[in-house]
């Protein structure tokens, strides 16, 4: 038994050598870009053009930034501009570039107990939800979406934290899990449009509030600092960023659609 | 009180116990046992349930801590084997149980199994043998270690008369080759058939010891007499 | 209810179509969890045997600790391994984070205590039975432990299966140290988590069914080995 186990272990471990022969970079990314299927569209083109494979770890923006601070990334692709700028200012990243944008929407149950449908003012919508004490599912995970949601609450004067566990439900999970929770509870929640469009379990939840300039959602891309993290693959990482922000990458982003709808809008500076 | 067995021949005993006591959990289970086991022949230990017979064998075998002395005559302790009252067999085939002791000596294993009438059980899982067969296998395995002192705890307790007779014949042969045998038995008729020496135990003490013929025919102590006549309640 | 039927249909289609991605994920799951189980057995079983047979100072405390470690949350193990293997961590130079090797390490740490604790339980009973006989035969410690492991092999197979079951089913550790990277570290459980987060519940459930079948196959294989070696006869 022991001997067989040993042989098996050795065989399996030896076989676990990864494909180190092809160059690859590691990208810490937000879930919204990964779950929407954007990467399935972009990465093969980039790899074909450059021969560099891209490994994407999709987590919340907060965790992605922390992982990158631990040097566990070559490139960071997230959507929380001020946190990204802080990341660069602290020396963890080289320089931040705008990549693309989309927008957030507030989704909620079709019967709309707070009566927010059709509003184009997200702050007003949240105020009504708080007043009606209608269920609201928050990411509660320090992600880019969560940061945006907190910023929106700031402007309303309502204090959702006082209602935490009551009508304000913090899932502490990713966007998908939070959407599943919102559908399950019949709650409102804030989501980026890409995740919402590609989400498969919408139930009777629908987009109720959109097109507020405050719901603008900017994605940025950053090379992790090779000074701070000597293992960073600077050249390959930079190649990826250049490609994304260049003509090919930007048009590939624009071409990506979900059910015929464009979900990401390239806006890298020329 | 020192109960030495009269040995007939003037030969140093195989082992001598002096003042041997075993206490477990505050209970004195063997109480200052004094005895000598002659080098030649078969010595039986008789006594009621709970007398301490199994405990005595295990103490001699070095399996439980004890007070007092075990004196092996000249030199170190002899090679010894103990066949437990409940045979302990490995979860392997009969042959593998023998091989556990004998290694690759298949011929020897086969001969011993044949001596115990187990030759056609070799490939069977040991723990699927009948109770009597298991006891015979345990004895075969003990013999495989070539013991100079063989300790047997009721080796024929669950054997049919023919098998018991077979084992008795084996034991006589083994004893004749010079192995000292110390065995516990509840079968007084068996003791009469094969024992050269006997001792009666009760409540952790040796009540009487001596030549088997003499003790079994005319016990001198009341305890031994009561036991042999079936009146002793433990 | 609808989802259930749909999941079943998708599962069957996925398996029958020989979907390449699915097989990649299935094979990686097996490779990671079987390796972790093998390593955990190599560590845990001798450790269990030592605890079962040897008396030493601190043995009781060691047993309590190992029993308690059985309850380690996978995500905590994942975090510990992440911190160790992170490029800025003490073992960062090996570049193991976000590789199958990291997942094997995490799962090994997760299930080794289970294997050790259950092995101790199994072997202690056996040791009680065999101890005096082994001492009577003058067996050394190492020989005695080897004999115990061999004679306990059928029970220990179940122990190994318990470890494997926990490894193949857990998501918390592998998702942190593996990163659920497509074509590199995506296994069944992280794929299920991903599909769930995408709201594709039917596909997630279908993958879950495939995972259950996988566990069934492994268990049946071990059961087959046991029977062919005549476990019943040795009970």
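Labels A, B and C are assigned to the chains in the order they are written; within every chain, residues are numbered from 1.
By our rule, a contact is a pair of C-beta atoms (placed from the backbone, for glycine too) under 8 Å apart; a residue touches a chain by one contact, two chains touch by 3 or more.
For reference, the UniProt names are A = Tungstate transport system substrate-binding protein; B = Phosphate ABC transporter ATP-binding protein, PhoT family; C = Tungstate transport system permease protein.
From a predicted model like this one, the values you see are computed outputs, not experimental measurements.
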item: Shared interface partners, meaning chains that touch chain A and chain B; value: C
item: Chain of greatest Cα-centre distance to chain A; value: B
item: Chain whose Cα mean lies nearest the overall Cα mean; value: C
item: Whole-Å gap between the CA centroids of chain A and chain B; value: 79
item: Chain B and chain C: spacing of chain centres that average the CA atoms, whole Å; value: 48
item: Chain centre separation in whole Å, for chain C relative to chain A (CA means); value: 32
item: Chain B: positions in contact with at least two other chains; value: none
item: Residue numbers on chain B that touch chain C, as the complex places them; value: 58, 61-63, 81-82, 84, 88, 90-92, 100-101, 124-125, 127-128, 145
item: Touch list for chain C against partner chain B, complex; value: 129-130, 132-133, 135-137, 147, 151, 230, 233-235
item: Parts of chain C lying in touch with chain A, wherever the complex brings them together; value: 31, 34-35, 38-39, 41-42, 45, 86-89, 92, 95, 97-101, 104, 149-150, 153, 156-157, 160, 179-182, 184, 194, 196-203
item: Residues on chain A engaged by chain C in the complex (per definition of touch); value: 1-2, 5-6, 8-9, 12-13, 15-16, 18, 26, 31, 35, 55-58, 67, 70-72, 174-177, 179-180, 183, 198-202, 229, 231
